[in-house]
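Look for chain A in each of the two complexes below; its partner is chain B in the first and chain C in the second.
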Partner chain A sequence: MILAADNLSKAFGGVHAVASLTLDVDHGITAVIGPNGAGKTTFFNLLSGLYAPTAGTIRHQGQDITALGPVERARRGIQRTFQNLQIFFRMSALENVMVGASRRLDLGLLPSLLSLPRVRRESAESRERAAALMIEVGLGDYINSDADSMPYGALKRLEIARALAGQPEILMLDEPAAGLNPRETAEIETLIQRIAAGGTAVLLVEHDMKLVMSVSARVVVLDYGKLIADGTPDQVRRDPAVVRAYLGLEAV
Partner chain B sequence: MAEFLQILASGLTVGAIYALIGLGFSMIYNTSEVINFAQGEFVMIGGMVTVTLYAGGQIPLAVAALAAIGITALVGIAVERLAIEPAPQNNLTTLIIITLGVSITIRGLAEVVLGKNFYHLPAFSGDTPFDLAGAEVTPQAFWVIGSLIAVMLALAWFFNRTRLGKAMLATSQNRMAAELMGINVKMILRLSFALSALLGAIAGVLTAPITMTKYDVGVMLGLKGFCAAVIGGLGTATGALFGGLLLGVSEALAAGYISSSYKDAVAFIILLGVLFFLPEGLFGRARGERV
Partner chain C sequence: MNIGRHLAGRSAAGGRTAGRRFAAAVASGDAGLVALIIGAALLPLVLANGYYYDIVMRIGLSAVVAIGLNLFIGYAGQISLGHAGFFAIGAYASAILTSRYHLPGIVALAIGAAAAGLVAFIVARPILRLSGHYLAMATLGLGIIISIVINREVAITGGPDGIAVPAFRLFGWRLHGLQNWYWIVAALLVVTVWLSLNLMRSAFGRGLRALADSETAAATAGLDTAGMKARIFVLSAVIAAVAGSVFAHAEGFITPDEAGFLRSVEFVTMVVVGGQASTFGAVLGAAILTLLPQFLAGFQQWHDFLFGIILVSTMIFLPRGLVPTLGLRLGWLRAATALPERGGVP
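== the complex of A and B ==
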């Protein structure tokens, strides 16, 4: 397995946003769903190192990474996108993607600064790679655009391209289809499938059930920070606990 | 006309120094939102260490100047590592007050180690002035303005062309996203202090032959650099550049046509005016709340 959460908990005051969650993530597309406030984004923030857990451990490739900060985790190949866009708005789209490759940039700064030809070559290479990646995710028209002039749907994809630039081993997508129209959602679906087919594990938080059910091999369901179901889309859809969580007790 | 040109020349020279110092303020502010009130001390260290190595150590001026700039950059890293990094990062006011403490400490150390005297460096290329349409411009003025241009070009190259520069810009725009891209934000903060110290030291070395240097020159020069950065728009390079030049020229005009005793007041009057009418500075952009 790539990532493993073991008895992971995060409490904010008296609220147990994530409560004793044990979950392994492996290759392929795994969706994390649940009603609002179920702890999905908190779980992402724990995995990417933005929050320190109240209890429990996180392992990556068998190694305990609970104590590592977000920078170290990103450098290990755990990358993510955000529910609310976190684009570098005062840069071009291309530069955003170039910055995404930072984890593979050895910031040993003196050698890189003292050797102008090397800096020039690396900069040209990273520019080309970033442009190729943008074309790959369907942002070919925006290579020379400023990020702050791009439409919302393109920015969602720009975040994915930026995360992919780091060649992640696991990519966490936090509501990639939120706010997108059906056509854009269909494009995102194809993109997610291509990413997974390329060997990157995908962990997906998404409210669009049609997208979740058609794209995921495995769906895990959280409610009040607890794991209430884990299985194929079909198994989860028929699970009474899931129906109860989404529709309320009286519906069952 | 010759008198006006004379005033303009000296104003631009002083303004270029302010711009260099202001750039240092903006650079640290961009990466950390801290206003580093020890910026003036970097200017002082640059000048004082050059004087000490040159006069005391019999080291050639160019070597002494480069060594002093390097030493100041190391002091900048030490300030970040020893004073800023260990402090809780969530309270900006605390961090800013810490920089005031750092400034007082450095000044005190310089007073004890380097002495309380005024020191003077020889001008880099002699004192024979050039005649420009009746105005006498010293070679040192060309050094100052040439250095400012070189610094601006180097910074533009660094931020536009190098991946490290991009990583620094990314950090200043969205620290959380930068961390999640695997950018070592701590290293970027240290780098911003090193670069700011470097810019301050360059200003200190350049101005030492013009105004003389002393352990406490950093107080006034730091304040003027701060004014330059705020007038132009804190956090923007163009702002620091034009803020500095505007400030230098205004001071020179006030000194030339009114009285030199009002010179320092001009800086603060312009600062107040800009803050009243254009609180983001001449070239600033409105900053959203960071979430």
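== the complex of A and C ==
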């Protein structure tokens, strides 16, 4: 398995956002669902190292990475997108994607100041790769755009492109279809399937149940920070605990 | 066996390529840099006397500090209200080491730069964990401490009366006269502009701009944001110290005013007025804010007041500063309008 959470907990004051969660994540597409405030984003923040857990451990490829910060985890190939866009708005779309590749770039200060040939070559190559990647994820029209001039749907995809530029081993998508129209959602669905088919493990938080049920091999359900179900989409759909958690929200 | 020769050959080639790269940057239509070089070469033709040389030199050295500070404030999105402290470390290191210890000017300059870099390095990690107002207060405190030390250590620094600085000596050769210093300052400015332009075209520069927009996203992309901020803080301190050393020798006399809080605010104002995240904006800001007070001779008591007014009105009316705003109007630069929301952890 790639990532393993063991008895992972995160409390904010009295709120137990994630409560003793034990979960392995392997290749393929794993969806993490649950009602609003269930702790899904907090779980992602714990996995990507933005939060230190109150208790429990996280392992990556069997190694304990609980003490590592977000930078080290990103460098190990754990990449993510954000529920609230975290775009570099004062940069171009292409530059956003180029920054996504940072973990594989040499960022020496002195060579950069002197514009050594190696730095310029890396920069040129990274530009080419970023442009190719943008075309691949369907952002070809935006290669020369400023990030702050792009429509919301394209920005959601730009976050995915930026994360992919880091060539992730595992990609965490926090509500990639939120706010998208049906056509854009269908495009995102295809994109997620292509990413997984390319060998990248995908951890997907999403409220669009149609999307979740059609792409995921496995669905885990959180409620009040606890794991209440874990199985195939069909198993989860019929699980009484899940139905209860979602009761009055929508039919699962 | 021929490792030595091999290395020598390599370093000579390295020097030549650095020169060629510089020439290429100038040649490849790096219009701003070319204009700066031509302007600096022609300017002495219209500088009538020492008074003008003095002002131009002050502009040049302020511009050098502002360019360094712009890397930290304009690009990386941080704030420092203590950079006059680093300038003063350079200036006083040169003054003290050349006058009391008779060290060659270049050695004193290097020691001053290293000392400023060391101070910046030591405080960087704890200070740069802060942001916004807290970072402003911390750097303000740092500048004030440096200023107090300079004022109090009368036996070494001359205290509030200041200290005379001997001429710059190198291998028995004595550099003197503002006209000669002009060329040193011009060269220093051109090189600083070149370095700044290079940096901002590199992945490191992109990373700096990225972390200014979203430190969270930059970190989760694998950028060592804390380390990058620290390195830029140290670099900007070293640049300020080098400018301080040159200033001390060129002026021949320095006082603790150079380390004062108001000088730090002036440097920040230069960056803000000229345009954050613009190398040439920093140069323009330095020119404007050095020249303006000259037109106000006789109103010296209004000097600080004027700076306050300029700073506040720029932030209200031209939040991007002059050069980026003009650039947008003229379509030089990419249109970057919406200021992003700054969030913590999403």
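Assume the second predicted complex is superposed on the first by the 239 of 252 C-alpha atoms of A that agree within 3 Å, B and C clash if a C-alpha of one lies under 4 Å from a C-alpha of the other, contacts with A are read in each partner's own complex, and residues count from 1 in each chain.
We take it that contacts are C-beta pairs under 8 Å (C-beta built on N, C-alpha and C of every residue); 3 or more make two chains touch, one makes a residue touch a chain.
Small disclaimer: the values here were computed from a predicted structure and weren't measured.
**Student:** Determine, for the superposed arrangement built on chain A, whether chain B and chain C clash or fit.
**Tutor:** Clash - chain B and chain C, as placed by superposing on chain A, overlap.
**Student:** Does the superposition put A:Pro70 against chain B (first), chain C (second), both, or neither?
**Tutor:** both
**Student:** With both complexes superposed on chain A, which partner does A:Gly140 reach: first (chain B), second (chain C), both or neither?
**Tutor:** Neither partner.
**Student:** Looking at the overlay, what does A:Pro182 touch: chain B (first), chain C (second), both, or neither?
**Tutor:** In the superposition, A:Pro182 touches no partner, neither chain B nor chain C.
**Student:** Identify the partner contact of A:Pro151: answer first if only chain B is touched, second if only chain C is, both if each is, neither if none is.
**Tutor:** A:Pro151: touches no partner chain.
**Student:** Name the chain, either chain B or chain C, that contacts more residues of chain A.
**Tutor:** Comparing chain B with chain C, the partner touching more chain A residues is C.
**Student:** Taking the superposition on A as described, I'd like to know which of chain B and chain C A:Gly166 touches: first, second, both or neither.
**Tutor:** both
**Student:** Let me check the overlay on chain A: which residues of chain A are in contact with chain B and also with chain C?
**Tutor:** Residues 48, 50, 69-71, 74-75, 79-80, 82, 86-91, 95, 98-100, 102-103, 105, 107, 109, 112-113, 119-120, 122-123, 126, 162, 166 of chain A touch both chain B and chain C.
**Student:** Which bits of chain A are touching chain B when the two form their complex?
**Tutor:** Answer in residue numbers: 48, 50, 69-71, 74-75, 79-80, 82, 86-91, 95, 98-103, 105, 107, 109, 112-113, 119-120, 122-123, 126, 162, 166.
**Student:** Residue numbers of chain A touching chain C in their complex, please.
**Tutor:** So the residues of chain A in touch with chain C come to 41, 45, 48-51, 69-71, 73-75, 79-80, 82-84, 86-92, 95-96, 98-100, 102-103, 105-109, 111-115, 117, 119-120, 122-123, 126, 146, 148-149, 162-163, 166.
**Student:** What residues on chain B touch chain A, complex-wise?
**Tutor:** Per the touch definition, chain B meets chain A at residues 161-164, 166-167, 169-170, 173-174, 176-185, 187, 191.
**Student:** Given the complex with chain A, which residues does chain C contribute to the contact?
**Tutor:** 17-18, 21, 25, 195, 198-199, 201-207, 209-210, 212-214, 216-225, 228, 231-232, 235, 277, 334-340, 343, 345-346
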